[in-house]
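Shared between the two complexes below is chain A, which pairs with chain B and chain C, respectively.
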Partner chain A sequence: MTEKTIVIAIDFSPSPIGRYRTDSETSGEAFRVDHLAPALRMYDKVTVILDGTDGYGSSFLEEAFGGLIRKEGFTESQLKNKLTIISNRISYKFRAWNYIADEQRRQPRGGYNFALA
Partner chain B sequence: MTISPFVQTLALFAVIVGWIVTNRQNNKRETRKEGRSACDSAKKYALEISAKGKKYLCTRDDELAFEVKSELDLLEIELSRIPYFAIGQNSTLLEKFILFSESITENDFEQKNAPHLRPTDERILNIIRQRNQLMHEVERQFKLQFH
Partner chain C sequence: MKLVGTKRQIWLQRRSRNTGRLMLWHANVTRHREKDGRIKRKPAFARSKTSVYKVPAHLLAERYEDRSKILSILWSALNVLDSSKDKVRFDFSQVRRCYPGGMLMLLAFLELLVGSFPRRVSARCPPGSMSGQLLNHFGLGAKLGVSSTSCVPKHESVVNWHYVTGTKLDGAKISELLRKYKQLTEADPPEGLYDVLGEALTNVHHHAYPESCDMPDAMRRWWMFSRYDKPEDNTPGSLYIAVYDIGEGIQNTMRAKLEAGEMVLDLGVGLTEFVGGSWKVLDRRLLEKAVDHDRSSTGLANRGKGLPEMRDFIKSTESGRLHIISGHSQYTSNVQGNTQVTSWPEKILGTLILWSIPLYKEGVKA
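Right after this comes the complex of A and B.
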């Protein structure tokens, strides 16, 4: 089994800013496209460590994590199996998983993951 | 006159019980003081963050966005000092904190060329609403935990 750990503050940027690349090179979109989605496709398990940055706006978190479903084609159940999010601030972790669940619900055909029930 | 061993034991027992009761009361008072300080500090941060959040959305000054994120982090640290903050989905305090954070940092937060909002914009009013709800919840938790 292959595993990858991404420490955002070291592997991406200590200052994550904004939603889209047009806002900043350290945006949620840049993180998702350049780091998170490729790692999720390449490795069996991916751990993302959120600690050590200047903080996250909801815009960054939603685009990085909700975008995995909206734009990268992952499902919530796949992410539950593959992705681990670690943070000293419980709200970041909670929000990231909430954005994933929200986006799954917005998908066509309901997008509910009945396997988790 | 000699004191009987029974009375001596009884006196010693009374001293120990007295010490335990006093110690418990002191601990309770200290915990309450600590809780009060966490709540006051959290409320102070919430006020500052909402003011900076409102100003950011009206001016789109990047420095204010940085300060908002940084102070939201500090606010969460203060809220974590209040018992039962971090119990996941069942925590009303955590929920109110998240709603407050999102009211400022959602959608076009840190977006280039985002419109400058008017002070009476619904989004600005929502920040105040969410801040007040968070502050009410902080006080409710204090009463629940420390009264």
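Right after this comes the complex of A and C.
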């Protein structure tokens, strides 16, 4: 079984901000497209450590984690099996999973899966 | 103090009298030559004059009475600069108290005026005054002709103000502001502060300056301000943070995608304005929906989370307060969850968001 750990403060940016890449190079979309989604496709288990940064706005978290379902085609159940989110601030972890669940609910027929195809 | 001898005193008095006489003589000669037609004087309409605007005593944005006074002089000055060749001078001699929201609104506007109308905007600040110190502290004093020697920023309540501005979304700028705050106190910044400031700037980037608006890139700007008041043993300190942009305003961006009920209101507003009335109910309703009901200007379900996050952040403090001022309306929320949305005749340019967070000796009480 292959595993990958992503420490956002080190591997991405200590000051993540914004939703789209057009907002900033340290946005939620940039993190999802360049780091999170490729790791989820390549490894069996992915751990994301949120600690060590200045913080995360809801736009960043929603686009990074909710976008996994909306744009990358993962399903909530797949993410529950593959993804672990670690944070000293429970609210970040809670919100990230909440955005995933919200997006899953919005998908027609509970979502589709082409990410792992 | 340097002692001046009697002889030198007499000589100085004589010189000042003579200089005065010389100036008087010169003025008279010029006047007579103009009268005789030997010097051609510019016609009255071609001579530029200086309009002086007295800056109000209380630079406070949260209270409409004070805010409208600031807005009134700013709009008037802009009108003069835009419609004539006259100069304008802002007289700060009456200023008694400067608060972050009011000061930020004024400074942002002044910065734009100075950039748009070079050498036509100046300020008069009494020597050593707080307002002069603040203008120099924020690097605007030199552009406005404020003396850098008589208004050196050294007062504690001046150096505790911090200011960052930019046109791009940059988390490092927020970190810089928080780092300056950390230099003043051992207490950590309130948890979640970076998040809400980031959201405020993200909102500016997404909505304040749409592609369709013809504003130059250099003016598509945001300003962020913070002031730290040190907590004492018995009295809590405070951290004030203000974010300002001069863009479209929250309600204007939401008007692009009105819901059914809002369209009816919009029609009502249009009719009222047509007959000369003023009905700001839609303006107020849209602001309230944006903050309390996750209503986004995009209409997408996954968007519109920034403003509710700001409200929730204030609820997590012990006695904080949030003000969002946009267009004609103002949203105020406190920790008890009491919210008030009001609308006013005078419109603010862009959006101003203000947080006041109580600080205790050991940091913020959550």
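Quick note on the criterion: the second predicted complex is superposed on the first by the 109 of 117 C-alpha atoms of A that agree within 3 Å, B and C clash if a C-alpha of one lies under 4 Å from a C-alpha of the other, contacts with A are read in each partner's own complex, and residues count from 1 in each chain.
Please note the rule applied: a residue touches a chain if its C-beta (ideal position, glycine included) is under 8 Å from a C-beta of that chain, and two chains touch if they have at least 3 such contacts.
Predicted model, so just to flag it, every value in this text is computed and none were measured.
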| item | value |
| --- | --- |
| Touching partner for A:35 - first (chain B), second (chain C), both, neither | neither |
| First, second, both or neither for A:103, with chain B first and chain C second | second |
| Contacts of A:66 with chain B and chain C, given as first, second, both or neither | second |
| Touching partner for A:90 - first (chain B), second (chain C), both, neither | first |
| Contacts of A:54 with chain B and chain C, given as first, second, both or neither | both |
| Which of chain B and chain C A:19 touches, first, second, both or neither | both |
| On chain A, positions contacted by chain B and by chain C | 15, 17-19, 23-24, 54-60, 62, 89, 91 |
| Residue ranges of chain B in contact with chain A within the complex | 65-66, 69-70, 72-73, 76, 80, 86, 88-89, 94, 97-98, 101-102, 105-112 |
| Chain B-touching residues of chain A, taken from the complex the two chains share | 15, 17-20, 22-24, 54-60, 62, 89-91, 94-95 |
| Residue numbers on chain A that touch chain C, as the complex places them | 13-19, 23-24, 26, 54-60, 62, 66, 70, 89, 91, 99, 102-103, 106 |
| Chain C - residues contacting chain A, complex | 168-172, 174-175, 178, 191-196, 198-199, 201-202, 205-206, 301-302, 305-306, 309 |
